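Here come two complexes built around chain A, the first alongside chain B, the second alongside chain C.
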Partner chain A sequence: MARLVRTEAVVEGRVEQRYTVVEDDITPEYDLDRPPGVVGRPATRVTARSRVTGAATFTTDVRLPGMLEARVLRSPHANARVAALDLDAARAVEGVRCVLGPADASTLGETPALSDHPEFAGAAVAAVAADSGAAAEAALAALAPVFEELGFVTDLDSALARQEFIEEPSESERGDVAAALAAAEVVIESEFDAPAQMHNALESHCAVADWRADGLTVWTSTQSIYQAREQLATMFELDPERVRVICQFMGGGFGAKFGLGAEGVLATELSRRSRRPVRLVFSRRDENRAAGYRTPARISFSIGADAAGRLQAIEASAVMGLGTGGWAYPILEPAKALYACPNVHAMVLPVKQNLGPAAAFRAPGVMEGTWALEQALDEVAERVGLDPLELRRRNHADTDPGTGRPYTSKRLLESYDRAAELAGWDSRESLRGQGRVRRGMGCASQYWWGGGGPPAYAEVRIGAAARPVVTVGLQDLGTGVQTACAIVAAERLGVAVDEISVRAGDTALAGHGPFSGGSMTLASIAPAVRSAGHHVRTQLLDLAAEMFEISATDLTLEEGEIRSVDGALRHPITEVTSKLGNAWVTGSGSRAPNPEGMAVNTFGCQIATVAVDTATGVVRVERVVAVHDVGRIVNPMGARSQVVGGILQGLGFALMEERVIDPTTGTMVNAGLEDYKIPTLADLPEIVCEFVGQADPHLGLGIKGLGEPPVIPTAAAIGNAIAHAVGVRLRAAPYTPRRMLEALA
Partner chain B sequence: MNVHLTINGGSHTLDVPAQLSLAELLRDGLALPGTKVACGEGTCGSCTVLVDDRPVLACLTLAAACDGAKVRTIEGGSELLDRLQAAFTGHDAFQCGFCTPGQLMSALALLERSPHPSHDEIVDTMSGNLCRCGAYEGIAAAVAQVARVNG
Partner chain C sequence: MSRLWTYERVGNAARAEQLLAGGGRALGGGTDLLTQLDRGIGDTETVVDLRGLGLDGIVVEDGRLRLGATARIADVARHAEVAALFGLLAECAGSIGSQQLREMGTVAGNLCQQPRCWYFRHPDLRCWLRGGDTCYAQIGDHRKHGLEPGDCISVAPSDLAAGLLALGAEVETNRRSMPLAELYRRPSEDDRSTLTLEPGEYVTQATVPRPADKSAYVRVGERAAWSFALAGVAAARFGDEHRLAAIGVANVPRLLDPADPLAGLPGLEMTAWKRRLLSTLVDDAVAAIAAD
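Entry: the complex of A and B
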């Protein structure tokens, strides 16, 4: 029976009310007392063969007969008006099939895909499609744009002074912060400057659109194929059932690729007008000028505590530089929700600047907010003379501090204990040394959501060869969610993980699946997959019961066999499935809502060890211990990879990644990967990774998300480790040699 | 202009524009999209292919400059490449997989040139290939494992 239920979902800190169709679920829960079987055992990726052979078709690899190449004209100025643009000259270039000016795309999308008032360097003005890339580039030159330059604002101070906001400034308060600060025995004032970190997924934003008389197909590198489909249908007034969005393989996204981007809008409009398939791939420099970044911010705290280190009040404010778009990511959520502080006032000022629009970047807001808060916490610990981990234990929140709701599960205290043990925290004072190179150890806590939720649907089918196919309406950023789906299905069907194919990344294949974000994908889809697998299992057992003249309740599926519970009967599954001929046994499943009135969060603790060369200012991260509480681990191999990858992005934020804007022109000077540094193999520290969480008893399959948690505490732990090593705290990241030497001087 | 190339063992005589990059020729001209272009400026290593057994950045190499050369790509295959691919799989040495063909070709060139590289040699060589997912731990372990099996 399908039911319509109303449910609440927390998506990256924003609460959404949703209606969702849920089918009755007869799937038995995992037996918590049983040791992990196929779920919880390391598995290599089901997509591995495609990815290591170069056979995987990414959007940028799609080639269609008659396909045109598109190029975009972008403003080189921080703020300008287009005074002249020769569209006719561009149309006259040989091989050019379609030219779009600002007026041609002004109605497409929430913000126009093309504009005659480009408000940042890199903003799109015109787009062309031609038989070849060379012809398209010749057309861009023929456009001969004339720009009238206007004044611009790019730095945070000037932007705040201008008082233009992307969203209205917001405030929230619990308790009485002013009174509590006045009464506090210890008060620290602390300010931090977070840099703009660029996503730099190695596959840039790209789309191939094929507009035909009978429907539209768009291949695009997106974290949400269904959102992209909905946007296309609305924007181009099409029946959603005649719009197909495909993202079978995706070269990373990290938050910058939700739904349909300008690349999808423009490729589709060019295809609609030219009646030819059109491919648009952003260059690396366009990617970094126009396709998003982690919000730079100035984050300030006044924190009051009693002499025992118990937090009494947090006054927090953040000026966030959103450029020309994005939204106010939950940057002060850690200040509000990480510790049991009775009085918290938070104010967020999301300013507008003449820069490209911000985008969500892996734990948006929370990562940079944690980076600041967790360093301020160490300053409190120092003032009251307390071990930093002990300070955190003393301020542990037993229930959600904002709402008072109980957590579905929380093992943060265990994370502290285990991380301390693995890192050798108790002997950290002996690390420091006296010479040129000083060592230090620092910790930081992690707080995020990640419980997942509906809507998410899955289908499982099995045919004569007993090689199950799992179909899910999601896209795989590269996290390994398809492999996890195969593992979950394998447990119900009693077959090896590598016997299972997973089909994903195509709206024509399956019912709605979750977007890839908020650490919600697996926690959303896995219960639906298991339920679908269970439906297939019960049907197979019914068939076997008839064949072998035994009760279905006495049968089980294990290791590719149908077995009786007493062990007397054992037959290969194929003995039953081979009778199917060309028929399938199919099952479907849906995701039920999470329990109401409870807080669903992930937690963790990381401890970093750094070496600071006081002569050169070079900081080297030597070791990171990561202990996270994210519920049941489906695939330990994939989970570790997520943790290592998150730590490396946090390390990049801490040590080397920063968008640099030329103050005289308002343009980005390091839009290429030569100048914008991201971590390489040479920067890899030793990483120790463990999970303390057991299955969350209140969530479907006990799974919480892991995409975001590992990136959240790394940079804070590194900052605290540097302060421990050299006694100086750097207020701005990244901790470059120049900043380190200036701080030491 | 006419160039003669051996690509993955097959002989090709092609008329290429003078400014065409080797990456464009492979991806668009010869339907070998395994070679990826991520930066287009020779900084990320994604487009690494072997030209006369040396790793080169195909996005910065002119096709016309490869006249007479022997080009190998991820689609080419070899016994050593097979072993590297299996080791990359076994060590989870990729997440999204976009940089993986370039990583594998760099590793292949390294192990052909130096069958028993030291850890530092692996780190130095493979640091030229960026991976934004951060799969470096698996990459280094996979290359080291194949090197060990080289005996």
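Entry: the complex of A and C
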């Protein structure tokens, strides 16, 4: 029976209250004494073949009859007013079907998709759709914009001095920090500058919109098809059921692709006006100027500890550069929640700048906040003369430090022990060497959410051929969640994973699913899939029981067969399903809420080994040991991929990634991949990856999320390893040869 | 930006010269030219593909090496005789870009590429080198730029040039032959070009007269692969003579004085760190070519 329940979910540090419909779940829990079959066994992606053969249709691959190409006019200035714009001239260009100026998009979206006051270099001013890209480019030229340039602010110091904020500055305190700092035996002061890291997903922001009399279809590279549908319905005053959003494959998003985005808004409006399908794909440069980044920040700490290294007080502040948008990502959450410190004061100043809007980026806030905090912790360890891992053990939080709530599960201490063992932590002092190349080893803890929650619905059906179809209302960001869904269903249906097809990425399909973010997709959807699979299993066994004249409770589904528990009866599943003809056996499932009054968090520890060439400044990360506590692992192969990808992204932040804004013009000078460097495979360290998590006893199927955790501690561990190697701590990332040589000079 | 150019794959030298003299731009692998045209740098009506001129030979003969203008970088990097006698060039070639870029890029294209300065290549700025008034780098962010003061502080990026310069290579065009160093020039107020090629002139081959007794190329990029060098030093020893050439430090590939390699390279506000780097690379390169 369906029930309406109120639930609380933590999404990237923000607590959301929502009502959700859940159905009673009759699915038995996994038998903890027995491995649950295919769950936990490595499986290749269900989409692997179509991806490598090119058969997979990404948004940029969509070609519709009569489709127009769209282009966007962007301001080259850091702050300007549009003094003149020749829309008529653009409309007169041959092949041009529609031209939108700032006034045409003023009602579309909270932040208008086009503006006559572009507040950053790269801000959209006008959009055109034409029969060809060349015609659209010609129309942009015909617009002949005249800009009146205005003063601008791009650096953090000036932005703070200007006192304009994207969100009001916020403060929180527990205990009495001033008194505790005054009484502390050891106090360290520490400041860090985090760079703006660009998402650079392989696939840039893109959308194809097809406005028709009977409804709107939008293909778009989005992390939340349902949110995109809702935005479209609201913005264009449409019945949500008449709006279809499709994202079957996407080339990454990393947090910058929630909902619709300007590309979806503009493509739809151009399609609505031209009555033709319209395709809009951002260039790499547009992507990097206008589609988000990890917020640069100046993070400062005063940390007080007693002589034994127990934290007494943390005074933390962060100036976050949000450009013209985004929100105050939980950058000081690690300072508040990672350790058992009785007195914590945190202040966040989210400043406005003449730069594109910030966006969530894989563990937004927490990654860069951890990068700073975990290095400050090493400074405390050094001052009190304590092993950095031991310092962390001594400050372990047994319950959530802010709320006192118990954790559903926490295996952080085990993570420390296992990571230390795998890394050879105890012999780290012998690594360093005396020559030009110095080696060091550093650790960092990982804290994040990732419990998932409702609403998440799934449908499973099986037909005559016994090839089950799992339908979920989510989109695969690239994490392999579809494969995990197939694995979870395969366990209930007793068929091989590759016999199952997973349908996702289309709001016209059954079931509403979670967005791809907050490391919550799999933890949300998996219980719903299993429940749906269980309903199908129950019905199949009932049918088999009738056919074979045996009690259904004596039957089981395994390895493509219906078997009696005593082994006497074995028939291929198809012997039952073939009787279905063209009918299906279907089942649906939903995600139940998480337990109330408990903290759901993921934890982990990474240890990095680096080699620093003190004469060239080149830092080479040689090895990263990653041990994470994320509950049950559904697909070890997919899980390892997440860890490898996260570590590479963290390594990029640490060693090479940094948006550079020209101080004179306020424009980004490294918006292309020639100048903005991301790690290559040649930069990849040896990665040792393990999970300490058994199933979380309080969560559906015991699964916690893994998308974000691996990126969180890497850069901090690298920073600590460098300090261990050369005795100098770099205050700003990335740790380029320039910064390294300047620090060593 | 998508727009249309006239493309012609020329089959003889006269046609190539005619089109280039008329403002056409030479295409080798296109890995640099297309990205320039995309950003409006050195705009042209005609793209002149030189790959049909039969200039793609890599020939080792009598201890002498001839590298054809349109020989592919990847072919230089994997050529057995080049590796055996002119290993320095195989090293330089192998350090360029990525495998994909090396498969497309050509010898002359690499030698003649334009500076990688992020202001020069900025689609919305017209810097001094592009004919404007301002060297944005000097008043802006020049952390990766040169060590030499001047009107333009961009750096020569060609790894191959470093190797060829150290080996004392000559470069031939359709009109003349000259030491490689003479292919390059510091841009001046009245001529912003970084090359000495005249209208209608194009590189046909580079020649190396003799192998070095020992050679080495050392460079540091921004990551382990697929990065222009922050600085690179090629070194070659001919008997007692040491020849050192550096890229990434000045407008032109620079022959360094082994006795005072940093001479004339004081460093700029944000590039002082590169002096340390260059000094290390010189030491490493010299150590690598020491007599056994």
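Rule of thumb we're sticking to: the second predicted complex is superposed on the first by the 744 of 745 C-alpha atoms of A that agree within 3 Å, B and C clash if a C-alpha of one lies under 4 Å from a C-alpha of the other, contacts with A are read in each partner's own complex, and residues count from 1 in each chain.
As a convention for this text, a residue touches a chain if its C-beta (ideal position, glycine included) is under 8 Å from a C-beta of that chain, and two chains touch if they have at least 3 such contacts.
Everything quoted here is computed from the prediction, not taken from an experiment.
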Chain B versus chain C as contact partner of A:L202, first or second or both or neither: first
Partner chain(s) touched by A:T44 [first = chain B, second = chain C, both, neither]: first
Contacts of A:E674 with chain B and chain C, given as first, second, both or neither: both
Which superposed partner A:A84 touches (first chain B, second chain C, both, neither): neither
Partner chain in contact with A:A682 - chain B first, chain C second, else both or neither: both
When both partners are placed on the shared chain, which of chain B and chain C touches more of chain A: B
First (chain B), second (chain C), both or neither touched by A:A161: neither
Touched partner set for A:D61, first chain B, second chain C, both or neither: first
First, second, both or neither for A:Q649, with chain B first and chain C second: first
Which superposed partner A:M547 touches (first chain B, second chain C, both, neither): neither
Chain C-contacting residues of chain A that also contact chain B: 133-134, 672, 674, 679-682
Residue ranges of chain A in contact with chain B within the complex: 44-45, 47-58, 60-61, 63, 133-134, 199-204, 249-252, 254, 283-284, 477-480, 637-638, 640-642, 644-649, 672-674, 678-682, 684, 687
Chain B to chain A touching residues, read off their complex: 17, 19, 24, 27-28, 31-41, 43-44, 46, 73-75, 85, 88-90, 92, 94-101, 104, 123-124, 126-140
In the complex with chain A, residue positions of chain C that touch it: 1-4, 35, 98, 116, 118-119, 121-125, 136, 139-141, 143, 220, 222-227, 230, 273-274, 276-277, 280-281, 283
Chain C contact footprint on chain A (complex, rising order): 76, 121, 133-134, 137, 285, 615-618, 620, 655-656, 660-665, 667, 669-670, 672, 674-675, 677, 679-683, 736-738, 741-742, 745
